[in-house]
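So, here's a batch of structures to check.
Paired with chain B in one complex and with chain C in the other, chain A is shared by the two complexes that follow.
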Partner chain A sequence: MAEIVLEHVSKSFGSTRVIEDLSLTLRSGAFTVLLGPSGCGKTTLLRMIAGIGPATSGRVYMDGVDITALPPGERNVAMVFQSYAIYPTMTVRGNIEFCLKNNKVPRAERQRRVAQVARTVGLEDYLDRKPSQLSGGQRQRIALARALVKEPAVFLMDEPLSNLDAKLRTAMRSELIQLHQALGATFVYVTHDQTESMAMADHIVLMNEGKILQQGDPESIYRDPDNIFTAQFIGTPPANILPLPGSNFRLGFRPEKVRFLASEEALAYTRPGTVVTREMLGVEVLYKVRLPEGDVMVRSACFQYRAGDTVCLGVAGEDLYFFDENGLRIRSGCGELIRRLEEGTL
Partner chain B sequence: MRPGRKLPRPSGRKSSGTGLVPYLLVGPAMLLLLIFVFYPLVNLVYLSFFDYNLIREKTFVGLKNYEVLFFVKTDFLDALRNTAVYTLSVLFFSLLLAVLFALWLEPDSRINRFLQKSMFTPYLISMVSCAYIWSWMYDADSGILNAMLALFGLPLSRWLNDSDLALFCVAAVAVWKSLGYYLIIVLASIRSIPAEILEAAALDNTPPVRKFFRITLPMISPQLFFLLITITISSFKVFDVVRVMTDGGPGNATDVLVTYIYRYAFQMNARVGYASAAGTVLLVILMILTYFYFQVLSKRVHYQ
Partner chain C sequence: MNLTSSRSVRLRRRAMGLLSLLFKLAMAVFFLFPFYWMITTAFKTYGESIRFPPTLWPESFTPEAFSDVWQRIDIPRYLKNSLLVSLGVVTLQAVFNVTAAYGFARYEFRGKRWMWALVMLAFMIPTQITFVPVYILFSKAKLLGTLWPQILPFAANAYGIFLIRQSFLQVPDELVEAARMDHAGELKILTHIMLPMCRSSIITAELFSFISTWNSYFWPLVMTNSDKVRPLTLAMQRLQDAHQGLEWPVLMAANSLLVLPVLLLFLLLSRQLLSSFGYRGIK
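This part shows the complex of A and B:
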């Protein structure tokens, strides 16, 4: 367990600034997910913590100790790479115990720790095989075992599940959650998959273009987005964003908050529309509805509508988000905006 | 596919019935191979059982040529030993220097790119030119090497005229000439090691020497293995550099298999049968070496 603090870190590659003056605290023992589209700097941040891609400026602390200049091998961290980065010339056992040998761990203890870790990840029967003889999922486990055997204070994971097929990915996801619960170590997990982040994180740090746009627990990030980017990045399908005629503001709402209204009903935001497409998901249906202001996605348990039907949609006032011209959430004065919406003066 | 329906044939495989077309297609290539490779090979082995000087009738002598080669004369065994020493020196220094230079030039910078290209230049020059240039540099009276030794007040060397040193002097030229080529191959393979693997090694707290022997070296072993075979084979067949620089001398100190064969076949009364026997021995050695390398060493080499 260890707390990681990044203080005013920046990173440039040549003349390209990837991260500029970013500060972040990663809680000890938490499962923190760095989330964002590719190129947002999340992996760069992870590599700074690992020490393999040092920050151009700024400082990194672990439990209050400045580790900015410490070489990667002397930081108490382990990393699982997206490509696994397994040593192809060594056996599975060789891969797992390589770090222990480098750190001159006695033979008996080495064997005990390798055996224990191999049991944890289910590789006992493959210890003497070469990685090339194993499947993608098994190689992923080697990478995981190699990190586990170090017993580090911090686990760094760079999209570790992205090379697995969907079924294996879901299985590994819950295994990683259990592992985190069992070890209680600090996990820092990088992904571009918002579903993965919602499922695993205690704390999500959402990034774009080298900046942190919002951080918090998954629920608050989902329910209470600070800006349009967060509202649209989190959730499948993402939040609907529509212009407010007669103002520079924009309006947002989650697809599942939309209700189909009978002709005489009215909510804060009420609009007529036409169903464009209908996707049957089993428990729900996903409709794409064309409104005068644009297309919106609707997630509903009402199955009766078909493409081409004319419908009336409504969203309650408390489910509406308002954003200013810069895409930032408007937190005060929303009551006034809702009243004007209901009056039809917006 | 409904049952009862025939599967369509794979495209391009019409049932012509004869099956002759493939043979016609490979025919020209096979013919060239037969004339220029198989016939000379068979003829070489055939001639090695005869006493023949290009003019007189061939007379069959059985294994007598081989008996003379191994048990009567000693110059063939000398040539064989020289060839082995030459090959081992070239192999050892080529691989060692190629790996060391590659590690040195591995970081990509302008000066390194320039150095890499400079080191490749000798490879573009003809071996005969190289051999002449180096003969001048090795010259005991007017060569630059002795001039430099004299400058620092060191004892002078007789270089190519020193029978203990001459073979290594020749080997040095061969290494110097081809090092740039070997360097490019080793450098490319070192650069192709995925960055994450080296980063993982850094995270595993790997000391530099251990990183080289446990990670870098095994990962470039396929390319080193390839160089091992090509250098060995080309060194066993060395001719031009020896012929120009020493012509086998002083005494027999730099006589190698091919200069030996050449001397007997074309200079000393054209003893073609005897030279063919020596050629056959060289052929067998190369075949055994190649087989040995592929069988034994390939198992220890990691291929990605």
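This part shows the complex of A and C:
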């Protein structure tokens, strides 16, 4: 367990600035997910913590100790790479115990720790095989075992599940959550998959273009987006964003907050529309509906509508988000906006 | 209808397989026949070796030619020279080629591009034009009576550096980073990660060097001035100067002995050779 603090870190590759003056605290023992589209700088941050891609400027602290200049091998962190980075010429055992050997851990203890970790990840029958003889999922486990055996204070994971098929990914997801609960170590997990982040994180740090746009627990990030980017990056499908006529503001709402109205009910936002597509999801149906201001997605338990049907949609005032001309959430004066919507003066 | 078409497809596939087998056999015969001819001639008598039409298999299987070779040239001495020179070259190249290739593949340093251009230039210069300056160099260094003129000029080799560098470049950066996170030092990364992964390329480069040194004829001819330092290839050549014309069995026996070590090495390392020309990464 350890707390990581990044203080005013920047990173440039040549003349390209990837991260500029970013500060972030990663809580000790938490499962923190660095989330964002590719190229947003999340992996760069992870590599700074690992020590394999040092910051151009700024400092990195671990439990209050400045580790900015500490070599990666001495940091008490372990990393699972996206490509797994398994040593192909070594056996599974060789891969797992390589760092123990480098750290001069005595033979008996080494064997005990390798056996224990192999049992944890389910590789005990494969210890003397070469990685090339194992499946993708098993190789992923080697990478995980290699990190586990170090018993580090901090686990860094760079999209560790992205090379697995969908079924295995879901299974590994819950295994990683359990592992985190069992170890209580600090996990820092990088992904571009918002579903994965929502499922696993205690704390999500959403990034774009080298900046942190919002951080918080999954629920607050989902329910209370600070900006249009967050509202649209999180959620499947993402929040609907529509222009607010007569102003520079924009309006947003989650697809599941939309109601089909039989008559003109008194909801803050009501619009007539036409169903464009209908996707059956099982429990719910996903509709794409054409409104005067643009297309919106609707998630609903009402199954009866078909493509071409004319419908009336409504969203309650408390489910509406308002964003200013810079895409930032308007937090005060929303009551006034809702009242004007209800009156029809907006 | 369907049945007959599937049968015709099968027939065609069979025919193609047979054709490809025949072609492979033809190629094998094409390449193996000279060796066969060399070895069988070595066991013939002189009379049989020059008879027309030639015999495919020796009538009287006699090892006489081999004992002849043994008597006429001091094999242990020349063999020792050949081995010392070839192994010396291979050993030095293992050190210099690998370290140079590693440096070019993994580090950034000043003048790197310029130095790499120099290596590529060395790649393109034919050996023949270096004969005279190198000879003068060793003559001035008073090394002409030793084995060094046959070893030192080949201590590093542009082709080897190129081949090994390419294979170092294929090792993903993430592997090296993982090793650094596993607290491995630079030397350990080289010996435990890079070298094992590039093993077949290194062996290939080394094998080519061994063979070209072992077979070299003209360079030692120019660079040696006494039998004390001459290799096996030059000694074998001397068998041709006999007065009674070319004694084919003796020549072939000598050549059989000469290529034997190379053949053995090839057989031993053929798997490494093949894999060095294929992709050998794992995801």
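We take it that the second predicted complex is superposed on the first by the 344 of 346 C-alpha atoms of A that agree within 3 Å, B and C clash if a C-alpha of one lies under 4 Å from a C-alpha of the other, contacts with A are read in each partner's own complex, and residues count from 1 in each chain.
The working rule: a contact is a pair of C-beta atoms (placed from the backbone, for glycine too) under 8 Å apart; a residue touches a chain by one contact, two chains touch by 3 or more.
Keep in mind the model is a prediction, meaning the values are calculated, not measured.
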item	value
Fit or clash - chain C, chain B, common chain A	clash
Touched partner set for A:Ala115, first chain B, second chain C, both or neither	neither
First (chain B), second (chain C), both or neither touched by A:Pro131	second
Touched partner set for A:Asn102, first chain B, second chain C, both or neither	both
Which superposed partner A:Ile241 touches (first chain B, second chain C, both, neither)	neither
Shared chain A contacts, counted only where both chain B and chain C touch the same residue	50-52, 71-74, 77-79, 81-83, 85-90, 98-99, 102-103, 132, 146
Of all residues in chain A, those that touch chain C in their complex	50-52, 71-74, 77-79, 81-90, 98-99, 102-103, 131-132, 136, 139, 146, 163
Chain C - residues contacting chain A, complex	172, 174-175, 177-184, 188, 192-193, 196-197, 199, 281-283
Residues on chain A engaged by chain B in the complex (per definition of touch)	50-52, 71-74, 77-79, 81-83, 85-90, 98-99, 102-103, 132, 146
Parts of chain B lying in touch with chain A, wherever the complex brings them together	194, 196-197, 199-207, 210, 214-215, 218-219, 221, 302, 304
